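Scrolling down, you'll hit the structures one after another.
There are two complexes below, and they share chain A, which is joined by chain B in the first and by chain C in the second.
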Partner chain A sequence: MKFDDLLKLPQYSLPYAEKERILLDGLNELDEHHRRNCPEYNRLVSVLWPDYRKAETLADLPYLAVGLFKSHRLCSIPKENIFKTLTSSGTTGQAVSQIFLDVETAQRQSAALSRIMTHTLGPNRLPMILVESSALLKDRARFSARAAGVLGMMTFGRDHFYALDEKMELDEKGLQAFLEKVNGKPFFMFGFTFMIWQYLYQRIADRSVDLSQGIMVHGGGWKKLQELAVSNDEFKRKLREKTGLSRIYNFYGLVEQVGSIYVEGENGYLFAPNYADVIVRDPLTWEPAPMGTPGVLQVLSLLPLSYPGHSVLTEDLGIIHGIDDAAGGRFGKYFSVLGRIPKAELRGCSDVHASQVSG
Partner chain B sequence: MPANTMSNLDTLKSTFVDVIGVDPAIDFNSLVYGSTPGWDSVAHMALVAAIEGSFDIMLPTDDVIDMSSFAKAKEIVAKHGVALDA
Partner chain C sequence: MKVQQLVPRAEEVELDDILAGLRDISGGTLSPLAPEILEFCANFSRALFKDAEAKKFPELQALAFWMRKSELERLRQEFDRLKTKNTLPVPRGLVFHVPPANVDTIFMYSWIMSVLVGNRNILRISPRAAQQTTIICKVFNECLEAAGDVMRRNTVMIRYGHEQEITAAISAVADVRVIWGGDASVNNIRAVRIPPHCKELAFPDRYSLSVARTARYLALDEAKRKEVAAQFYNDTYWFDQMACSSPRLLIWCGEREESSKASAMFLQDLHEEVQRRGYTLDASGSMNKFTFLSRAILDQPVASTRRVDNQLTVAQLENIRHLDRDHCGGGFLFQYYAEGIDVLGQVVARKDQTLTYFGFEPAEMAALAKLLNGRGIDRIVPMGKALTFNRYWDGYDLMAEMIRHVYVE
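Let's look at the complex of A and B:
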């Protein structure tokens, strides 16, 4: 099946056996394409998977550890075709991932993202609250991954309102005015999980603000909230208690695979969209872990043409709960993300990769 | 020139001129999202809002994603009932 035909199918509508065949064909093609066009990828694959030819199952496909996008320049297009370079935020002093996009890959990303988001939001753009600083998009020449992510989401809203000022203070008057204007009709809220908790929820927790008509989509990691011992369940429960907000959807995604995001369904689990899949690997053997067993998440995506990011081993732990049998009728795999791999172990696995590929 | 004496096509062109900052004398059919200087993803949001305002229409998500050139923009506004040959 061609990618354009796949785009037209309703989201989460493919029974897994059929989806697996489509993804396997597409990903085998992508692997060949990147081996032909990205010498660094070809070298990594030939060192890490000697004698590799073609995958018979999704789990056979070569994968790159996410850290390799920091240490290597992984690009499958000539320089003059680079349309945009995304960089991961990364803390000061750390290397950042560099993701090279051409026009076609950028278009695939936005088309795929829109098919995923309209499933949750409906086809029409809703008035939108961004739990973000109004200063975020000021520097247009150099976008952080965060800004790019926010911008991608803005497409799904209208009459955008930035809820935070440049000092990250909640603009309460502006919020009130926004709510009066939408006047009881549905609206869309987007932000990073930690920022919503810290800069929105904490500021309004002592009074009542009616956000009951909102549909909130949030992502970007739980690390900071885990430090505060706030779980996904508690995040939802508290927001609902204080604001009436009941439609809250977490999502998981990587800058290395922009456009392939995994959005929470009504059952609280993350779902793989039609163009993507997850595999959980046992960190000791790197074999696929049985369903229900935690391990390291690998993400597969049909979107990346301009860089070899179609099969990436993340630094996150996850667990697959089921396939094709979710309440609500969604097909495919559903899973949870359990957090980051502890740093020490991480160094262990990237060392293995590093020592194998140096030379 | 007051808006009511402009054709809808002129209105669409002047919206592009105002938002993207292209020369009014340019060949509008050469304008393409991502390659025309000034038509980046931030400008795209502003352009969509301006087109909606100019013609009093509401564009759904698919049309916003689809609007990748001036020619596409013409098709899309026409689909929403704006006559462009008048």
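Let's look at the complex of A and C:
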């Protein structure tokens, strides 16, 4: 089965054994493609896995440490074919990931994202609230992953309303006007988890704002909310309590694999879409960890043609809960993300360790 | 300004009062190697040996061993040799020590070298310091209770972060400032002014390596080989391979095939030793190491790698002329096969500190040092002694650095 055929299938409809076979063929092809076209990838595979020829199972596939996209230019296309360069939104002074896209990869990303989102949102484009500042998209020259994420999501809604002003203040009047206009019909809300909590929820928690017809999709990680001791459950419970919003879906994704996002299902777990999969590895051996055991997440995706990002070892911890047996009838693996690998302090004479992975 | 004092008593104290106390010498000062200094150090060593908590930490046992009475006596004799017919060694005055946060005993070695020759001391303890530091301060304070008045007022340890005003206030009255903690710390603290007469000792980031003579290694019996592995383990893993004197590159000197054979045997033994000692890396160290390894493959002439297991990763280098000295620690070894020890002539740079060796004679090492003629390498010691502190460190004679010579004719 080709990628295009895979797109046509309903999401989460493939039993895992079948999906694994399809992914294995596709990823073996991608691995060969990147080995031919990206000298860095080829060197890494030939030194780290000298006897490697072809994967028999998904877990056999070589994987790249996500940090390499920060330190090296990893690209499988000639320079002149680069259509867009994505960068992660790192804080000042931190190295950022650089992801090189050609037209085809960008198209695959948006086609894939579209199939995933329509599964959650339904086939019709809904009026949309962006929990974002309208200023974000003004500076097109600096195309951060956050802006790319917002732009990508905008296409799944209509009549867009930016809920925040340039100072990240909630536009309450605008919100009221938006809600009056949708008049009890469903609408779509998108934003980054922390921003939704800080700039939307915190402002309206003590008002009676009715968001019960909303479908919220949010992502970007839990790091800041963990610091505030707000868990996913708490996030959902509070929003539901105060605004009536009950359809809240977290998603997990990396700038290194835009388009291949893992959205929460009705059971609160993240699901791998048709063209992607996750493996959890034991950081002590790098062998695949048994189901139910936490470890480092490796993400696989059929989308990346222009850069070797089809098999990436992340710096996030996760846990796989099951395969093919989720309530709600979805097939494939379902898992949760436990957050970033906690940074340990190595001992040593030097107070700053130059080569420690940043980020 | 209030600061958290740890020694002589754990309490909040006004910094000005601490500094005034250290500068007030009306109660007398200690002369170099004075009996009360030696007595205090010997008492501290005994108390540390006996302390139930300290027993859990091999580095505290090593510190106690290093400060034992016979060693102090040896240092006293060495000190006597610093005197000449016309010169008399005297203390420099007040020494400000800024030790690193992560090696929990360095501050004590820094302190001993200074106090032995009669200096007064103030030490900055990082808020990140681990349990070992707490134990040392506790034992130190207990021993102070039995000490004389001058000894009790000799040393203050305070805990603070990176508050420049505290560093500046202490620096302003220091006669010697000692900065450990690598390039970043040295640069940060160096930006704070010291009095014109004050001298500064700085310990920046360093790199260390190891050489083994293949033929001698292959001639060892199994028991001896295991010993070598155990010594290499101690040198390397004690401080997560992040101590500046822990080896990060191992060079085998000999015929290539033979070296490859020796390396395989050695790594097998080292792996067993790592397992036997139960050394483990956490997820963060593991991830860091995998990323570092990948970057090394892309940026350096790495011919092959061996991930023996997660605790021991080896990257074989094809040449070491442009050795990159960046390192991730946690059991990562670069390896190189050379014909002979002459290869070091091409490699050694200013940043290189400790060379540990196996299978060479001290005379060969002395010849090597002469050949290098100061280009790099400050210590050449047998395998197993990489972390053994002595008065000669980073090219300094610490004892001599802590004194002034008064010329009398």
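Before moving on, here are some points about what is shown:
Quick note on the criterion: the second predicted complex is superposed on the first by the 344 of 359 C-alpha atoms of A that agree within 3 Å, B and C clash if a C-alpha of one lies under 4 Å from a C-alpha of the other, contacts with A are read in each partner's own complex, and residues count from 1 in each chain.
Here, contacts are C-beta pairs under 8 Å (C-beta built on N, C-alpha and C of every residue); 3 or more make two chains touch, one makes a residue touch a chain.
Being a predicted model, the structure only gives us computed values, none of them experimental.
For chain A, the partner touching the most residues, choosing from chain B and chain C, is C. Of the two partner chains placed by the overlay, neither chain B nor chain C lies in contact with A:K167. In the superposition on chain A, A:R207 makes contact with neither chain B nor chain C.
Judged by the touch definition given at the top, the superposed model places A:Q107 against chain B, while chain C stays out of reach.
Of the two partner chains placed by the overlay, only chain C lies in contact with A:A65; chain B stays clear of it. Of the two partner chains placed around the shared chain by superposition, chain B is the only one that A:P123 touches, whereas chain C remains out of contact.
Legend: residue contacts after superposition of the two complexes on their common chain; A:K185 is shown touching neither chain B nor chain C. In the superposed model, A:K2 makes contact with neither chain B nor chain C. With both structures placed on the common chain, the touch criterion links A:K138 to neither chain B nor chain C. Residues of chain A that touch chain C in their complex: 40, 43-44, 47-48, 50, 64-65, 67-68, 71-72, 283-286, 295-296, 313, 315, 317, 341-357. Residues 100-104, 106, 126, 128, 180-185, 203, 205-206, 239-245, 280-288, 290-295, 297-298, 302-305, 307, 309-310, 326-330 of chain C are the ones that touch chain A when the two sit in their complex.
Of all the residues in chain B, the ones that touch chain A in their complex are 34-35, 40-42, 45, 49, 52, 58-62, 64-65, 68.
Contact residues of chain A toward chain B in the complex are 83, 103, 106-107, 110-111, 114, 117-118, 121, 123-125, 137, 140, 151-152, 154-156, 158-160.
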